[in-house]
Every structure is written in C-alpha cells, then in structure tokens.
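Below are two complexes that have subunit A in common, paired first with subunit B and then with subunit C.
Coming up: the complex of A and B.
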C-alpha cells in the first residue's frame, strides 16, 4: 500500500493537484470571511461563523472533491494505465490507494480552512475565546459529509472514462444540497442527499429574526445534534465505498 | 463550410449524453425554488418576478457557469484525445471557423437551456396558481441570458483550448461565476464577462430593466465574443498542437 501511495505521489508530481486544491481552499476562505464586521457581529463572532460556514462548505467542498478526484483519476484514463497497474497490483488496492491519497488532500484543505477561520477570529478581535469543543465538533461535521461526497466522486471518476459525467453528477448533487439548505421546512430533503448533510449536521441556529426588527434581536444557540443521521451518513459512506470498490474490481479496465 | 463544421461537431457529440445534464439541472431550481417561494410567500410579494429570482439566482452564479465550463472542456477534450487536433487542423478549413463552429455548438446548448428554464418557470408559476405569465419579459430574459452565456462560452472555450487539463478550466469557470456575483454587487455587472449572463437574465432584480439599456448590453457582449474568438483563432493558427 505504501508503495502504491508513493506511486500516486510520483504520478501527480507536476500536475499541481495539491496547488489546485489549495487555490480552491483560498477562494473558499476569502469568500467565507469577507464581510462587514460590526460590533454585534464581533460579539457573537464565533457562533455566527458556526451558523454561516456550513453553507459556504456546501458550495465549495463538493467542488473541491470533484476537482481533486477527477484530476487524480484522469491520469490513468488518459494514459490507459489502469490496465498496467492492475497487472502489478490488485484492483481493489489501487482503488484504496487513490482514495486515501485524494481524501487526504481534501481533509488537509478542510483543516486549513478550519484553522484559518479560528486565526481570523482572533485577529479581527472576537470578544471571547474560541469555543474549542464546538469548533472541533464543527470540524468533524465538515469532514464527515466531505468524505462521503469524496467517496461518491472517487467512485464515479474511477468508473467513468468521460470525466464530464463525474462533473455533471457532482454539480447536480451540489445544487440539490445547496437548495435543500434553504428549505428548512422540509428537513427530509437535505437528509436524502449526501450533499445536504452540511445542513443536517449544522448545530448552531439563528433565532429572533423578524421582519420588523431584522438583525436587532438575533441570537445564536446550540441546537440538538442529529447523531442518528450522523451515524446514517457514516454507514452510507461505508456502503458507497464497498459498492464502488466492487464495481471497480469487476470493471474491465 | 460552417454548416459542414457544425455537422461534424454534432457527429462528435452523438451518443454523448452531456445534454442530459443541461436537461436535469434546471429542474432542481424549478422544483425547489418554487417550494421555497411557497414557503416565503409573505415576504416574496412580486409573484412572477419573485419566482424568477428563486429559479435563477443560484443557476446563474454557480451552476450554469460550471456546466458551461464542463461542456466547453468536453468539446475541446475530444480534440486533445488521440491527437485529433492534428487531424482537424490539416483539414482545408480556416482555423477561426473551427473555433466559431464550436462556439455555435455551445451557444445552441445555452439557448436550449434558457428555453427550458423559461418553460419550467411558466409551468411552475401556473402550477402554483399565478395567472398571466409575463411572456415578453421571459423572452427578453432568456434571449439576453443566452447572449451573456455566449460570452462565458467563448472565454471557457478559449481557456479549454489553451489549458490541456480538463478540471482546471472548470475551476476557473466556478471562480468566474463567483467573481460575477461580486462584480454585479459592486455595480460592474454590465462589463464583467462572467456577470453578463446573470445581468442579462435579470436574476437578482427582475423588475428593474437593465439601466444601461439593451443596446449597450448587446454591444458589450458582441465585443467580448469577437475579442475572445479572435484571440483563440490567432493562437490556434500560430501555436503548434
């Protein structure tokens, strides 16, 4: 496995996959943190971030997953290398190695954007210490849906030679996920799509907004965490991975 | 000659179900946007106009630019595979016509998508009980959206021509879509190529007609399309594939 991972590293040298991922993350950070920081925002800064960032994640992280997985698998499809690789190694192991390599890049980018959020909060002067427990939970709830989405994209990228398919499927999924976050009155909707789990696992809510007072009386509070659906997400990820692996092993490359 | 090239483009895309994505994608905002509209009906009081915003806002900024990026990248990738550029460029056709035929192919897809978006809009509006759809406005939004989309298509084709990678131009399309939102918010929507589609479709303020007038909009779009086409054709004829 270590050899296969090294092999992945060598193949991707000079393809700027890591740099591309970092660029997408940089755009995400700028997009997430850009805004007006009034005194009210500074007072509730940490909680505001926990409330707002899942939406930004729901747009950027699936796209990051599509780009990374597609670029990683594209090398093989282009050069018809899967055939050669499957002679020297088991197909399942190739699937695993590519997944581990790609998902590590995506998780690393998640951690970078998470850490930069906290550093930014301190620099801009949020009026309290970071609620580290909540932020660790937020990190977990960011990584979990991202890994699920990555598994889906990875499987498609490995199975289809035409990378347009993976892009279109991923974009349509992202679209469903994003829209489902704007429909809190239909909670089932977001639970149906893996892309909607950034919303399902959002555990800070905004309360007190009315048409008349607008943001004046707004406050943020921690809501109940849907552990059941967290478990369902993990289970779905495992099942998707196993199915994807089996399909890839059976495929004539 | 251009018709022959267009026929060739059509043949290359045969059995490639990329059109399916353009068919499915607008259904999502039509369905979920309408549900969202019904949920917030006390805030959204401009009927058809509010519904239009619900249908097109995310489509214009995030998803249609990416879809166009993928489509353009796919069209150019066919030529990069198996050294097809060598074959196509040895044909007795002018190189700018090759680019133009590809641009027309993508533009046709943009037009079909816009018509589909318009049709879904009328269907969902009627389904929720609104009467008298503003057909005139819908036609204008869709036509100008197509023109703005053509500008985006010409940039994306140019990028996919220069960048061999499949994913990178799509990443740029995504960043472009975001920048479009930003430029529109800052008041430069009428001159920034990635804002023009959203600007033409009037997705964020449908009641307000385009301030600079439609002539200005058309001129800007045509200039951009010509500019990107000329650059691409020049480099296509100078560069070794």
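Coming up: the complex of A and C.
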C-alpha cells in the first residue's frame, strides 16, 4: 500500500492537483470570510461562523471533491493505465490507494479552511476565545459529509472513463444538497442526499428572526445534535465505499 | 518441453454471445507462440483472461504449473510481462519517469530501466514527455514496460499495431531475440499471418472464439503442400466463420 501511495504522489507530478485544491480552498475562505463585521457581528462572531459556514461548505467542498477525484483518475483513464496496474497490484488496493491519496488532499484543505477561520476570527477581533469544542465538532461535521461525497465521486471517477459523467453527477448532487438546505420545512429532504449533510449536521441555529426583526435582536445558540443521522452518514459512507470497491474490482479493464 | 500456459475449456460469454469457447491453449517454455485470428476472433479476450483482466465464464488457466485464482494471481503475474491492446503510459511524464513508477511497484532494480530503454532503443528519448512520442515510440515504451522485470513470460497483444513497415520489422526482430537472450517465453497475437509466420515457432489459430489449429508452425506448412499458408489459414478460419 505504501508503494502504491508513493506512486500516486509521483504520478501527479506536474498535474498541480494539490495546488488546484488549495486554490479552490482559497476561494472558499475568501467567500466565507468576506463581509461587513459590525460590532454586533464581532460580539457573536464565533457562533455566526458556525451558523454560516456549513452553507459555504455545501457549495465548495463537493466541488473540491469533484476536482480532486476526477483529476486523479483522469490520468489513469487517459493513459489506459488501470489495465497495467491491475496485473501488478490487486484492483482493490489500487482503489484504496487512490482514495486515501485523494481524500487526504481534501481533508487537508478542510483543515486549512477551518484553521483560517479561527485565525481570521482572532485577527479581526472576535470578543471572546474560540469555543474550541464547538469548532472541533464543526470540523468533524465538515469532514464527515466531505468524505461521503468524496467516496461517491471517487467511485464514479474510477468507473467512468469520461470524467464529464462524474462532474455532471457531482454538480447535480451539489444542487440537490444545496437546495435541500433552503427548504427547512422538509427536513427529510436534506437527509436523503449526502450533499445535504452539511446542513443536517449544522448544530448552531439562528433564533429571534422574523421578517420584522432587526439583526440586533437575533441570537445564535447550540441546538441538539442529530447523532443518529451522523451515524447514518458514516454507515452510508462505508456501504458506498464497499459497493464502489466491489464494482471497480469486477469491472473489466 | 515444459508447459508454461495451459488453459482448459476456457470460455467467455458476453450476454448470449461467446467471445471465447472451450479454448485449450498450450504454450511451451522458451518458445514464441503466435496467436493468430481475424479481428474479433477472441484473441484479446483470451489474453485478458490469462492475465486475470477478464474473468472466464468457464474453464481454468494454469500458468507455470499453478492454477490461477484471485488469491495467487498477482504472485503468478510477477513473472509475466504484458502489453495488451495499446500501451499504457502517463502522457505528462517522461519515458524514464513512467518506468520508474512501474519499477517501484514491481520492486525491480532501477538499473533495469536503463537496460530496457536500450533494448527498445528509447534510451536517447528517455527524458522526453511521452505525450510527444510517436505511435511507434509509445508502442516501444509499452514493450519496455512489459520487459521491465525481465519476466519468464511475455504476453504481447498486437504489438506491431500502428507501426510503419520499418517499425514492424524492428519489433519482430526484437521479439525473436527474447527467448534466446533472456530465456523468455513469448505469446504474440496478431491478425496478420505474415507477421506470425516470420517470428513464431508455435501457432494457435482462433476464429469465432474457437481454437481451429494449435501446434508447430512447420506442421501447419506441411498440412497441405499444395496450398499456401494463407490459403490454409483462410480454410481454417473461413470454415468456422461460415458456420
């Protein structure tokens, strides 16, 4: 496995996959943090971020998964390499190695984005220390749906030669997840799509808001965490991974 | 003579269509086995089954005297080099970088890279990106990849595809030297009779997935002295295709 992982690194030389992932992350950070920081916002800064960032994640992180997985697999499909690799290594291990390499890049970008948020909060002067427990939980609830989405994209990218298929499926999924977050009246909807889990696992809510309310009356508070659906997401990820791996192993190259 | 490959009743069905039907193949050590058949006869499918890239619907494959299964496949294939259908390479990397990746996966010494590049006469272009390679150079790089571990068995599927006449001649001469110089057994598939006729010692003729003839090439020449080899080949494959 170590040999396969080293090879993954060598193969991507000159493909700027890591750099591309960092660029997407940079855009995500700028998008998430850009805004007007009034005194009220500074007072509730940490909680405001925990409320707002899952939505930004639901837009950018699936996109990051699409880009990383498809670029990693495209080099294999273009060079008809799976055929050669499959006589040297077990196909399951090829699937695993490529997944570990790709998902590591994506998780690393998640951590960069998470750390940038905290550093930004201190620089801009949020009026308290970072609630680190909540932020660690937020990191966990960011990484978990991202890994699920990455598994989906990785499987498609490994199975389909034409990466447009995986891109299209990923974009459709992203839209489904995103729109399900705008329909809180139908909570089941977002639970149906792995892309909607950035919202399902959101644990900070905004209260006191009505059409007439002004921002000053709004407050943020921690809500009950839906651990059942966290467990469902993990289980779904494991099942998707196993199915993807089996399909790839059965596929004739 | 030692049997390097033996298939028993090897069959591959896609839907209702047989791609390969009850194929019994025998390949002997240190020989060049020409696997001849018209396009779509089942040559590539057979070779893929030998490498475990396609799973047989029925039948068995024995390589180096071991029955191949999903557990021992990779272990057996450590001694097998292959070039199936088209060469595999990372176009954004150089020839040497491509071979380095394979060498580390195969656990072979780095020195082998230089050796195989010399054998296929790509040593001067080793630092050139493969995207800029001609089809012939890519084919030679494919052969270099197959030779990298100096395997006991080499499986080449239409290795002269896309080559110009000089390239075909060069590839043919190179393949002919492998059993003598490196003690390799070579299986070469082709749909061109003349190509097989000039390099193979043993021959298997396949048509519609069935083995129509298998044995020494000389014996095939002796079958009907009034007919050319081409006529014999057409007789054998034509009969099956008309069935």
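Here is the rule we go by: the second predicted complex is superposed on the first by the 253 of 253 C-alpha atoms of A that agree within 3 Å, B and C clash if a C-alpha of one lies under 4 Å from a C-alpha of the other, contacts with A are read in each partner's own complex, and residues count from 1 in each chain.
The rule is short, and it goes like this: a contact is a pair of C-beta atoms (placed from the backbone, for glycine too) under 8 Å apart; a residue touches a chain by one contact, two chains touch by 3 or more.
All of these numbers come straight from a predicted model, not from anything done at the bench.
Novice: Between subunit B and subunit C, pick out the one touching the greater number of residues of subunit A.
Specialist: Touching more of subunit A: B.
Novice: So, does A:168 touch the first partner subunit B, the second partner subunit C, both, or neither?
Specialist: first
Novice: In the superposed arrangement, which partner chain does A:89 touch: subunit B (first), subunit C (second), both, or neither?
Specialist: second
Novice: Using the touch definition from the top, say if A:19 reaches subunit B (first), subunit C (second), both or neither.
Specialist: neither
Novice: Of the two partner chains, subunit B (first) and subunit C (second), which one does A:228 touch, if any: first, second, both, or neither?
Specialist: neither
Novice: Look at A:7 in the shared chain and tell me whether it touches subunit B only, subunit C only, both, or neither; answer first, second, both or neither.
Specialist: second
Novice: I'd like to check the shared interface: which positions of subunit A are touched by both subunit B and subunit C across the two complexes?
Specialist: Dual-contact residues (subunit A): 15.
Novice: In the complex of these two chains, what residues of subunit A are touching subunit C?
Specialist: 3-4, 6-7, 10-11, 13-15, 75, 78-81, 83-90, 252-253
Novice: Looking at the complex, which residues from subunit C come into contact with subunit A?
Specialist: For subunit C paired with subunit A, touching residues are 48, 51-55, 74, 77, 80, 82, 84-93, 97, 100-102, 104-107, 145.
Novice: Of all residues in subunit B, which touch subunit A in the complex?
Specialist: Touching subunit A: residues 16, 18, 20-21, 24-25, 28-29, 32-33, 35-36, 39, 43, 58, 62-63, 66-67, 70-71, 73-74, 165-168, 170-171, 174-175, 178 of subunit B.
Novice: Looking at the complex, which residues from subunit A come into contact with subunit B?
Specialist: Those in contact with subunit B are residues 15, 20, 23-24, 27, 31, 59, 63, 66-67, 70-71, 74, 162-164, 167-168, 171-172, 174-176, 178-180, 182-183, 185-186, 189, 211.
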